[in-house]
């Protein structure tokens, strides 16, 4: 019977990897002791990097503004411990390149003193704009991994008249359970945050999509939402990538987000459960986003589980707290499907980091890559309906335009294709490479255009200079001739000054 | 009616211009790097073959045969074909500049595409009437277009395949063409059966 | 094997347990019952021919890899060359001489596969390329069938006699078992003007369980189909191509049989004879040379079926599966480039959906 | 003999007349190929191709008198684009492409002679006479015209430094 069910009832997209979420998900939440030092990167979000407003040597309190947002899409950064700013310098970014980015380093005084906060007793009395303003000031960004500034989405949702808020409790990445934990331990915060967001965008209902492999979270959330009929808990089938906005929207509402459009244009807005909790803290308690729950998991970890830790803590400190059974063969920030490879653990915890995985040699083993046998597994797995094998073949032979013809831009890099590939072809890397090359090409084009404009401006300038010089010369000549004509009159030349 | 159908199947599939008669091989290798270019070439050639074979039929029956000018056959046929090609070129250039770009030099070269003259000469040999010869010419050129498009699809895939350096390019193209010809042999016997 | 850390590896950092060799092994296991039945039915010569063909295919692959300076062992171990040889052997007359197997096996892996760059790069099904090449080059040997002579039967050749048959060709002692396959027989009779109602009365014996003259793979129809269905349930293949291909044969056959039963055979006869089942489940479903999308696979399968029927019925060759598969293989790139899945957020033409709807 | 000559002549005249009519009715304007090619070129008029400027280079390309690989600052991408526009195939391996480059001034050797800033096609070099010059990165097109002009060899080219948002995943090693 199960076989038949498996055969006919599975969604037509996605994959079902081993989730490895337990036992880490069932371990009670632990709080990381104050780290001695934190590094607060200026760019932990999509958009412009924040601009520092503190000086080296300055004493700061927990929650104090360190760097303010710059531009329309940006987010401020706050101190996650109290102490002294010791440096504003580059640290290694959580990025596969291992390149650095700017961060503010704070030496902790272990006092954990909060700055004066401005709690709001009744957020529903506030104007929606005020909620968006406070959320923006608290530096809340999408905590599911996208790290898009939350307040920008509030304003957008309100402008486009969004009626449905979708709260994303999908958390389909294997190993990771930080959203699960927040729903089990702080369901009231999530529900309250969701209601505040609904108020901010003017939505009538919110649908909380939770994968059915998290029954405890579903139960806790159902209890917390019992008093609020507008908040509906909707279990969804556990299938990767259910936590992707587009797939969750389709599963919960049946709506499809058009290509190149935003979800708000079909009347829905998606926020992660952790983002909801962060909004709750930002509004009700006036606390900026300075801490988060992060899953520490993987076979190299002695005591896997979820940790409540200040942002900016080094990955090494988090791993040391959980204990390492062996030197990890592979370090990943995020989940195994879409996470970021870390070259070492001296990388700060950023807002969008839901998990840190330390794999042992068995988990980290990369199977030998073979040629594509065109089996079509990737095509069946692709949640976007793309043809990964064709795109990769074109990219491999250097035909990027061919890959664009197969709609490379619609790829969400979920990794389903590379996961199911029986030849273990690193398809996502092909696509990331091509996307990078294409944006480099785009930048080069913009640069060329700018160069052309500058060159034209220069030519115009040279022409003008030449013309003016010629004019001046001509005038001088005329004047000289005129002067010669009437030698006796030694009049000064008033035009000279005007040229 | 059945005879016409069998004759057309025979001309298009069994005795395919390219795969069985080995005519028009230069365009077969030259313009088949992209499906749309091959389809455009097929259309242009279909037009040229059909129109010129109609004209050639008239020339043969009202000029060459009655006055015993058989020795002028090749010259006059080429004259007719060249005019038809010129006309097609002007039309394509007007109607579809991108196709004109893609076909490039191969468009005027339809003149020397042996498939065109070959079909015209086959018609004379076959001593067919006007209707039959026009249908035969049309079916032959449809067969030509079909193989062009099929082969272009395969070349598009070969372009991204990891063909060994030794065989990359025309060699693997000819191997594929031979395998394709083998597959088309499956149709043999249809027109006689 | 882990790669050096210097070159970053992109996500995902998890992989399916499936692999190319696992796929090949499943297909081979699915073929095993039918093959063993064929061995039992045709005795030692069939076993030798199978071994020779598989060996030649694997040997051809090994030599090509060696010439290209690529590692031989890992590629051979993926099993694709063995499978190609196996499928080819199943489509040969079981008592064919050794050089048929050698020529076919080499042709399949060298010209059918390795010149294209190896696994995954070929445009035509290697086994069918070899079969068609053999059929065109050696029509007599390729249509010399024998009546079933179970290995346990007293008249059956023993291991030594069987070896002689494979090495030296048909021995006079066994002339009596020479037979024709049903499709070939009917075609010959029809061309002599004998209609089916007459000719089928004294046609070669058709055992319902597959005991009849034919290649290894065309006799054990039900075992072949069973293996194919098992592969569908194991998700090694999908149902689209087999179903479409069988329907593509059955529907025109049923219609024409209803119109003129004296000229056109029944649909069931068409389905159960020749390489129909083997083709539908094991040959047309070859990943490399068939379309990727379900809709494309339906078109491909239906095309294979209809062409098989057309060639069987009207063309010169009694059996059309191999030709049909090759012809549809040649159309696969075009099917793939025109039939694509609908992309999320776009319509079938690839244009973005309207946000209003 | 007469019939043969006459019939061929008549056919020639008739078909020629028809084509003449067709040419009149199906006339198309000439493709603005030159303008299109010029749009593809970097337009910094650096002169490294041997022509005075990009317009002249485009004209030469349109007349088929120059190779699509003529533009060093454009690198592989421009060569590819031109070849695609002209419908010809080129050997891309022959194109040297070290990736985008930037000019830099070695400040300890610069004498402030202003020669480089005079030739810079985009005015990307600033600095008054007798002052150390500097390159505005955003404006530099990497054409390299300044390098040869420097009397003290203080000008050089460096690859554009890789930054976090501009980092590109390497293409996987092919098997």
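The letters A, B, C and D name the chains in turn, as written, and every chain counts its residues from 1.
Operating definition for what follows: a residue touches a chain if its C-beta (ideal position, glycine included) is under 8 Å from a C-beta of that chain, and two chains touch if they have at least 3 such contacts.
This is a predicted model, so every value here is computed, not measured.
With centres computed from Cα atoms alone, the innermost chain of the structure is A.
Just count the C-beta contacts per chain pair and the biggest one is A-C. For chain C, the chain with the farthest CA centroid is D.
Between the Cα centres of chain B and chain D there is a gap of 39 Å.
Between the Cα centres of chain A and chain C there is a gap of 51 Å. Centres computed as Cα averages put chain A at a distance of 57 Å from chain B. In chain A, the residues that reach two or more other chains under the touch definition are 96-97, 370-371, 396, 426, 429, 432. In chain D, the residues that reach two or more other chains under the touch definition are 169-170, 174. Annotation for chain B: residues touching 2 or more other chains are 161-162. For chain B in complex with chain C, the touching residues are 35, 149-150, 153-154, 156-158, 161-164, 167, 172, 175-176, 179-180, 182-190, 192-193. Residue ranges on chain B touching chain A, taken from their complex, read 159-162.
Those residues of chain D that touch chain A in the shared complex are 42-45, 77, 100, 120-124, 138-139, 141, 162-164, 166-172, 174-175. Per the touch definition, chain C reaches chain B in the complex via residues 68, 111-112, 114-118, 121, 123-124, 129, 132-133, 136, 307, 310-311, 314-317, 320, 322-324, 326-327, 329-334, 337. Chain C makes touch with chain A in their complex at residues 1-3, 5, 8-16, 18-20, 22-23, 74, 78, 80, 117-121, 233, 287-288, 292-293, 336, 340-346, 350, 352-355.
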